[in-house]
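Here come two complexes built around subunit A, the first alongside subunit B, the second alongside subunit C.
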Partner chain A sequence: MPKIKVAKSSPSLDMTPMVDLAFLLVTFFMLTATMRAPEPVLVDTPSSISETELPDNTMLVTIDTAGRVFFNVDGKDVREKMLMRMMNKFPEVKFTQKQIDRFKLMKSFGVPFEQLPAYIDADEVERKKIDTQTKGIPIDTVDNKDQLSFWINFGRVEAFIWNKDQVDNKGAKDKPMRFAIKCDGKAQYRKVDAIIELFKKQDIFRFNLITDLEGAAQ
Partner chain B sequence: MADIQSSAPETNSRRPARRAVRIDMTPMVDLAFLLLTFFVLTAELSKDKTMEVTFPKKADNTMLVNEGGALTLIPDGSGKNIFWYRGKFEVNMHLSSVTVSKDQLNTVLAESKKEAEAKGEKLFVIIKPSEKAKYGTVIDVIDALRLQELNSYAITTISPIETATLLKNGGN
Partner chain C sequence: MADVNTGDGGGGGKHQKKRAKKSNPRIDMTPMVDLAFLLLTFFVLTSQLNKAKTLEMTMPKDVKDTTNKMKLADELAVTLLVDGNKDGMVYYYSGVLKETTTLNEGYLDKSKPKSMRKFFLESNKNVIDKMKKLRQDFKDGKITEDTLKARAASKAYQGADDAKFYIVKWGGDATYGDVINIIDELKISDVSKYALTKISRVELEALSGKTGRKYPELLEPAPAAAGGPQ
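Now for the complex of A and B:
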């Protein structure tokens, strides 16, 4: 049988346009990406048909299956001022300037105020350990241990002042603070209700319940 | 593969023609696509979806004007059963239950809506999660309401008498 002759021209093709496009997309996604905040707990939110996206400038309360409560407020300045107010309220807990600076950049946390300085100082591994052991932010209304209400109150006051300043002095768009609740689908509704009651006491009735898009989770 | 081909014009005939400079771009392209994949995926994952819900100011029903025609849904702790009744609550009344699977609940909602509309009223839905109800079930119910475009609903706390009736009807 005669050998089949293979054409010997090199199979090189010009990939330049493809590479151009690839880099264009890389640049686009890099610039539009906002880093997802690391979560202290894994929360499996229930799925829903709602497609509304979570707006910026939110106060987020996370509730896990055990009913532990974690808290987060957006915005560095707001966080700093909120912490200052908390320090005035609980003067027995001391913070260093370095800890305050680190707190500004943190996200959700779920420790009682007394343990917060230690939590701020902890590195990633230690924080994970604390997160698994913590009982969350105290919400007991008995003997005035309800720290979450103070966080909510100070957070919203500072967010309001900050927003007003942005609108009045910097011509920014009015972005009132939103209150989001992220709760595990398997958590008891009672736990969510308890948190909502705390918000209601401060005349907050409108919430953004965080859900997964239906079908996305499967 | 991905090469830049640059051939210098042969102006000087005395020197031997320069060879085309070829740079192997493969590693760079690999990296580009790796980054591209990473950013595409993280961008997709970082979108949190939310559902806006307004809660009534008071936990009791005093503010619910047309309680007479309202539909009350009681998600229970099983995670799939939803007990319901129309109108005013009566002690020891019978509560029918439907499973949360969309069709059954949808039928009840659609029928109640039709009935209310026939009377020229707007159906008001009260959600009263039982003591043991799961958050996920409550969200499922709100979802079903949205599918039926029932926009007037409220989530309130269940009363002890209702809990007792619920237990008698096999809920928890």
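Now for the complex of A and C:
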């Protein structure tokens, strides 16, 4: 009787579909993921049960434990036009074209307008140093030094124009600018109230207060 | 690991004659899969962590004209005083502050027996019970999610005439965390009628009498306690 032949099976699998799938997912997550913006200060936000997500196209005011104020607006074009308006308002501060281009790509900053050119030129190490020493964006209402109000106003106007242009000419979805406040849980509430008052003066009454999801902090 | 499996038996070297190698086009894909999944894990984790969660707040407009002010029945008003004390305590009273009003106290920490959570659950029981039933109906499939949302926001539930109105007042060294904590407690207890405002001098004095703390700042009188609900 002939011996029963045991089929020699190779233990290697065809992994091609698996690779396909894996790379498909990688691509998906890469494209959908928004990279975390480098923050000038570490802010430990309080936790809440709210699960509302922060919408795109936001103006963000960050307040750290000491009450220093940092400011950010999304969108390159909006940032550029906003800076132009600030330059008109404070003509004594000069910017080069290169500095304007770099500003477009920056994120949160917390220096008075006079120091902004130097801050833009600074490299990462120097910026960190400036961030630890800065007093934040001035919000004193005396002698027209309330620069944050100007930033808010110009950023908002430019964001409005940009959004209108997108909707009218490019058929984009209407995405009005949202106003977010990110504040450290240990900061005094009166600092936050001062910022909210500034917003209220410009008829902005709806805010997104950034919080951690409950449980995530513990 | 990363060698290419050519599939020839290795016996080709003995022959002098050059022969075209029969090469197997199969490549070991294991390292590639490893890499792909590593990247996948990375992006999944970072994109999840990135989404900032927010608490939406609507502040009322300051108006000098008081003719259109919201009327609020005294017995429905509950005032919560947040003064930023180290014990994590919040003081509260119902109705209008009078000489005889006692300030009650509750802890923000929900594990303590006298917690604010417990107080809210009791004082806002009417609304909470209704909401519970509504959510149960949704779970049982009796109503759709849209109905749930619409009804939850409707006057019969949140704006009900017997629903309490909570006024959170901050003063002293109240931190942002304290204020967010108390608002969060309100949200957990299904409260939608609340306002946030600065503490008034009278309340600060009453609070000082109760706690014995000296509040450094002299606050301006707060605007009358009413504001748009969230």
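One rule holds in what follows: the second predicted complex is superposed on the first by the 193 of 218 C-alpha atoms of A that agree within 3 Å, B and C clash if a C-alpha of one lies under 4 Å from a C-alpha of the other, contacts with A are read in each partner's own complex, and residues count from 1 in each chain.
Simple rule for what comes next: a residue touches a chain if its C-beta (ideal position, glycine included) is under 8 Å from a C-beta of that chain, and two chains touch if they have at least 3 such contacts.
For clarity, every value in this text was computed on a predicted model and none was experimentally measured.
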Would you mind checking whether subunit B and subunit C clash or fit side by side on subunit A after the superposition?
clash
Identify the partner contact of A:Phe207: answer first if only subunit B is touched, second if only subunit C is, both if each is, neither if none is.
both
Now for A:Lys173: first (subunit B), second (subunit C), both, or neither, which partner does it touch?
neither
Quick check for you: in the superposed arrangement, does A:Ala22 touch first (subunit B), second (subunit C), both or neither?
both
Contacts for A:Lys94 in the overlay, against subunit B (first) and subunit C (second): which applies, first, second, both or neither?
neither
Now for A:Lys5: first (subunit B), second (subunit C), both, or neither, which partner does it touch?
neither
Considering each complex separately, which residues of subunit A are in contact with subunit B in the first and with subunit C in the second?
12, 15-16, 18-19, 22-23, 25-26, 29-30, 32-36, 46, 48-54, 63, 180, 182-193, 196, 200, 205-214
Which residues of subunit A touch subunit C in their complex?
12, 15-16, 18-19, 22-23, 25-26, 29-30, 32-36, 46-54, 63, 180, 182-193, 196, 200, 203, 205-214
Would you tell me which residues of subunit A are touching subunit B in their complex?
12, 14-16, 18-19, 22-23, 25-26, 29-30, 32-36, 46, 48-54, 63, 180, 182-193, 196-197, 200, 205-214
Contact residues on subunit B for subunit A in the complex?
1-4, 25, 28-29, 32-33, 35-36, 39-40, 42-43, 45-57, 59, 75, 77, 129, 131-140, 142-143, 146-147, 157
Touching residues on subunit C, where the partner in the complex is subunit A:
26, 28-30, 32-33, 36-37, 39-40, 43-44, 46-47, 49-62, 82, 84, 170, 173-181, 183-184, 187-188, 198
